[in-house]
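The following pair of complexes shares a single chain, chain A, combined with chain B in the former and chain C in the latter.
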Partner chain A sequence: MRGDVLVIGAGLSGATAAMAARRAGVRVVLAYRGFGRTALSGGLFALANAAPSKIAAASDLARAIAETRRLHAAHPFAVDPDPLPLLRAALDAWRRPLSALYDLDWAVAQEAPKAYVHEFGALCYAQLAPRSCLAVTTQGPRRIGVVELASFAPFMAAAIARNLNEALAENAGAPDFVPLPVPFAPRARYLLPAQLAAALDRPEVAAALLAAVKSALRGTAIEALLFAPVLGLGTPDLARRLADALELPVFEACAAQNSVFGLRLQNALIAALHANDIELVHESVSALDGSSGGVFQAAFANGSAPLTASRVVLATGKFLAGGLTVEGRMWREPLADCPLFLGAEPIRERHISHLSQADFFAAQAMAYVGLQTDAAGRVLDERGRPYCPGLFTCGHLLGGFDAFAGTDGAGVDLTSGWRAGQAAASEAQP
Partner chain B sequence: MKKLWATFLLGLYLLRVLARQALVLGLRLFGYRPPTVARHLAHCAEDGLAVMPREIVDSLPALSSCIRCGLCEAHCPMFLSSASLSARGPSVLFSCHSRGLNELAYAQTAHDLLRECQSCAACLQVCPQGLRLPRVLRLMEALRVPPVP
Partner chain C sequence: MNAKRKTETTVVVVGGGINGAGVARDLALRGIDTVLVEKGDIARGTSWASSGMIHGGLRYLLSDVHTTYKSSKDAGYIKNAAPHLIFRIPLMMPTFAHEGLRGRVMLSGADALFAHYDRFQPLKGGWPHKRLSAQEARAIEPRLAEGVVGAVLTDEWGIDVPRLCIANALDAHEHGAEIRSWTALTGFIREGARIVGVSLRDELDGERYELRCKLVVNCAGPWAPKVAALAKAEVKLRPAKGVHLVLDRRVGNTGLICNAIDGRQVFIIPHENTSVIGTTDDDYYGDPDRLDVGEDEIEYLLWAVESVWPEVRRARIVKSIAGLRPTLFERAKYEDDLTRDHRVIDHAKEDRVPGLLTLAGGKLAAYRIMAQDATDTACALLNVTAPCRTQLTPLPGGAAMPDAFALAQEFDLDAYVVKRLIDRQGDRADRVLELIRDDPSLGRSLCECEPVLVAEAVYAMRHEFVRRPSDLLTRCRLAEGPCQDMGCILRAVELFACERGLSSNDAAREIDVWLNDKWRWRRPILSGAQLANEELLRLTHQALKPALPRLGGVS
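Now for the complex of A and B:
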């Protein structure tokens, strides 16, 4: 098999790189092993500096990016002269394919991060979120019922409503949250949101939920409903259908990790790649050989025929997805043995335990480990020259930003993916 | 004289405390629970919380140093071989763990995971925090409780 550009990894950055390269008119093959950080994320698009403590300092997107560039010289945003147009191009490219789940409006993305209701009763901040998430405003519904399903224990409505009311107590005009127990137990108890969401994909289960909610709502003055993030896995419009049937706005709380939103986003990305004539190979790439001058050979773990491509984009993620591994207690990039950096400083022979601290809330240096690139997304070596001609990278594999904090992950994925895909395609053209 | 008196009083007090402790410990051997504990347990049950056994409580400080980097999941042969469990297990386990044991009872995925772990210690090799994950997994397997009615 042959492609002009081979992208390894199907997360948000890999999919963005593949779309950018496909737009440039080259043949793109995308190989992926399984679901990584994107599928396990909360599905929020935190584009830049969306941490709540930073909101006062960095109000809009342009200012947040400028601040990040000023403070962190090795941040992926600082590599490119201006990341904003890249971000806009990537968001525009995803707007139609993801329109069932998100409204990726550039004007909204440029505003300050908005506060969304989280499944633990806290608020989380992001520039863009799934359509069904509830952003706290003073204009919305006044009395919101937090639905506690008898079959789904992790969503504890009473505690969530109490937490939210306490958090919003000082804001005049903020909505009031009341718990609403719903005796809905289709068959089993669920712990994973994805299990209940998959069950709710079946029409008869969804109908049972609707009937149970209807009877629970009788005689209450509730103006909107807040569900756990479980309203359908393959049919994400269950929230809208419930809203139509109940004649109430229906929201889902946003989720931190292992969420249904992440799975929906990943499925939508895969579907969009299919629709754009990008060849998908669901295999684990075990080795990448780029020694024979401008032609890469990718070998697969299961022994199927190797794939050749003139340009490769590594979007293999970081720790969870296996893009950065540990061998003999040392960091290693397993496919091409790329040089690794801690921020801007090259690291060689560093023991992994030197980069982490026992305190969960402390800054973890290991989050900043990764690859460094030039403005086109080429992998650089320790002397700042391209490490291997034709090798690009993007997404979480990049170093220099906090991969754990979740305040700019989607922004890095989109800008670096778009940049690497475009550059790889322009080099691959004959 | 004053000093002697103070020493005597202090000794009397210590003796009383020790005697009380010895009495409670002795009674505990025969299954006695001080009323404070019973009251605490009743409150826990009202709030829907299960009581964590001592071994779990002792393992909590070690677990709380997990920084959710995901390296263990990327290196676990069990995760890599099974698509259904892929990159879900430890996170689910930790959430069960931190939210009380009741939920562990019906966490089917966590249950499967616990049974399938072969203690190959691949996770031990990569954990930057040096967590003893196989030991924690075995402990949690031993502590599974029957489902809540």
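Now for the complex of A and C:
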């Protein structure tokens, strides 16, 4: 098989790169091993500096990005003269394909991050979030029931309600959260969130949930409902159907990782790639050979015929999807042995344990380690020159930002993905 | 609790490991007023870092048959006192073609040795050994390395050591002893040469106070020299560091005995739904509070296991554990050859410090008899004639083994979940389950990778000396499963905050303490697939760190 541009990785950054390249009119093949960081994410779109303590300093998106560029020279936002148009182009491209899940409105994206109710009773900040997530405002419903499903372990409604009420106590007009026990128990106990969501995709299970919630609501003055993020695996359709049937707003708590939001997002990305004539190869690339002048050969782990392309975008993520590995305690990018950086410093010879810190919450090198690119997304070598002609990268494989903080991950995926996809397409030789 | 603190007792036991807990129990069973003080939580020193096996003393068979007899008999006592905490570990010792004649000779030698050991196995309920052909060995463990020529199969008892400590402490408490965890010994009170009490500091609220007593029994394991030094007495140990690695799953049907590069034996044994590799044995000269795990120790263990089970290189290591054996001081011996014997030191005789005993040396499997020896000495000094009863008295939970299926049906739970509860609580499992009758929401699991009932954590908080949320780790194995916490720590702290009325800042601090403790033991082993786990785990906590208004929020 042959493509003009080969994208490796189907997470948010890889899918964005593929979409950008496809828009430019070249033939795009996307190979992916399995679900990685995006599928295992919480599905929030934290675009830039979305930590609450920083809101006052950098309220709107443009200022947040400018602030990041100023403070962190090796941040993916800092390699491009202006990442904002890239971000906008990427969001615009995804707006329709993801419309069932998100309202990716550019005007909303540019506002200050909003506080979303998290499944541990915290508030998580992001510019954009799945439609079914509850953004805390002072104008919304006043009395919100936190649904406690008897079968479902990790969602502790009473504690969540108490946490939220305590956190919001000083905000006049903030909603009041009340636990609402619902005696709904599918036969198997100890379901994980995704398992319960899969069960709720079945109409008879969803109907049983509706009936149970209906009777639990009787005699309460609850104006809206907050569920654990379990209302269906494929789409958030169940939240809407419940809302229609109960005649009140229905929300799901957001999550930081390993959630149905991530799975829904991943499924929607795959569907959109299909719909845009991007060839998908669901196989694991085991090696990438770019030594034969302008043509890459990608070999597959299962021995399938290799794939050739004139340009390659690596979007293999950090550790979750295997974009970075540690072999013999040394960091390595396994497909093309790309040079690794910690900030602006190359780290090829440095050992993982020497770079970690004893304090769990201290800035850990493993969060910042990764590849560096130029303004076109080309992989750079230790001296800052292109490492291999035609090799691009994007997303969480990039270093220079805290990949675990969840404050700008989606912003990095979208801007760097769009940048790499566009540049790869414009350089590709059909 | 300050108002209730008593200011006088008969015996103060220093140290909440298996020895301290065992001594406190024995003293309490003989009717002696006892307070146990421990600077951290129960069972978080050497006991926590132990391999968790109760050997019958195979290693003494050739040199000292009597010790093997005593060890096997005592292993039998422990097994009968706490049948719920015990699990059988079949152990296979394979021999490979590349070991040549030496291997075959060793196999025959092992066969003969185990045949001799078989005579002691009935004392502890063990099975006789079996000599296996290459085909038989491979049928049991298909993933053995190439070139197996034969094997010997034997068995030993595994035990949940932290729960054994808790059970001993509980029994002591139920017979009148007081258990004070997170209470550091800061000095001794003397009248002339004699010790008449101890100065203590509560590590959680910082309060300092005194406790008068007739006798102090120092059971501080590797910290025993430090404790003795506070009384200007001397305890000479030659502590040896032992490191274990924990894998994310059970990787075999049996435990395997492997040869390390220096000829020592290293085990890989199934434990709960993980596997444990261990251990190293190296002299340690540093501070017992600053143990860490080094690169070379990890490599030493993996190298040893690799020769028998090559796939270990691809296994996911979820954490490391390091501990110190409080071995007695001896010169000119290799670590492995140091005696595992114990001593009860009366410092009146050795250092002219009356009123202080030290229980030093020993090994897990001998804890009961060690406690008996120390308590006998204490009783002689106190003129108490009550005999030891720990040989045959069941530990809490150990009087009977409940039927997991019946309980599961009664409380509408999975039998698997109830069986795991019984493994920790024994015949007290129903006390935990009764909580669910009143509040069905306690029948859910706190954890996503192992079923840990909310009820079990609540029960532990009420009855098992839990003073801070991270104490739950040893009470109910919270955050000890394959995922090593994807949020169960947050839920547990939340639960604790509800139960005890913890402030937001205190809850945030407790989360930090717990996460840092977990990180300490994960940090040395980060590589391979575990990095993916670390990425997910950090997504949970780092995204919430600034965001939680109550749990770990910005103050």
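Everything that follows uses one rule, which is that the second predicted complex is superposed on the first by the 424 of 430 C-alpha atoms of A that agree within 3 Å, B and C clash if a C-alpha of one lies under 4 Å from a C-alpha of the other, contacts with A are read in each partner's own complex, and residues count from 1 in each chain.
Rule of thumb we're sticking to: contacts are C-beta pairs under 8 Å (C-beta built on N, C-alpha and C of every residue); 3 or more make two chains touch, one makes a residue touch a chain.
Owing to the predicted nature of the structure, the values given are computational and were not obtained by experimental measurement.
K.L.:
Mind checking chain B and chain C on superposed chain A, clash or fit?
P.N.:
Pair status: clash.
K.L.:
I'd like to know which partner A:G234 touches here: chain B for first, chain C for second, both or neither.
P.N.:
In the superposition, A:G234 touches no partner, neither chain B nor chain C.
K.L.:
Counting only touches as set out at the top, which of chain B and chain C does A:L355 meet: first, second, both, neither?
P.N.:
First partner only.
K.L.:
In this superposed model, does chain C or chain B come into contact with more residues of chain A?
P.N.:
The partner that reaches more residues of chain A in the superposed model: C.
K.L.:
Using the touch definition from the top, say if A:P154 reaches chain B (first), chain C (second), both or neither.
P.N.:
both
K.L.:
Once the shared chain is lined up, is A:G34 touching chain B (first), chain C (second), both, or neither of them?
P.N.:
first
K.L.:
Can A:Q257 be said to touch chain B (first), chain C (second), both, or neither?
P.N.:
Both partners.
K.L.:
Which of the two partners, first being chain B and second being chain C, lies in contact with A:L320: first, second, both, or neither?
P.N.:
both
K.L.:
Just chain B (first), just chain C (second), both, or neither: which does A:P85 touch?
P.N.:
Neither partner.
K.L.:
Chain C has the stretches 21-29, 363-371 or 399-407; which one runs into chain B?
P.N.:
Of the candidate stretches of chain C, chain B runs into 21-29.
K.L.:
So which positions on chain A get touched by both chain B and chain C?
P.N.:
Of chain A, residues 37, 40, 153-154, 156, 189, 192, 257-258, 319-320, 322, 325-326, 329, 352-353, 356, 358-360, 364, 366-367, 404 contact chain B in one complex and chain C in the other.
K.L.:
Can you list the chain A residues touching chain B in their complex?
P.N.:
Checking each residue of chain A against chain B gives 34-37, 39-40, 153-154, 156, 188-189, 191-192, 195, 257-258, 319-322, 325-326, 329, 352-353, 355-356, 358-360, 364, 366-367, 404.
K.L.:
Once bound in the complex, which stretches of chain A touch chain C?
P.N.:
My answer: residues 37, 40-42, 51-53, 118, 120-125, 148, 150-154, 156, 158-159, 162-164, 166-168, 181, 189-190, 192, 256-258, 318-320, 322, 324-327, 329, 352-353, 356, 358-361, 364, 366-367, 402-406.
K.L.:
Would you mind writing out the residues of chain C in touch with chain A in their complex?
P.N.:
Listed in rising order, the residues of chain C that touch chain A are 295, 413-414, 417, 440-441, 443-448, 451, 454, 486-487, 490-491, 494-495, 497-498, 504, 512, 515-516, 518-520, 523-524, 526-528, 531-532, 534-536, 538-551, 553-554.
K.L.:
Applying the document's contact rule, which stretches of chain B touch chain A when the two form their complex?
P.N.:
That would be residues 48, 64-71, 73-75, 83, 86-88, 91-92, 95-96, 99, 102-103, 106-110, 125-126, 128-130, 147 of chain B.
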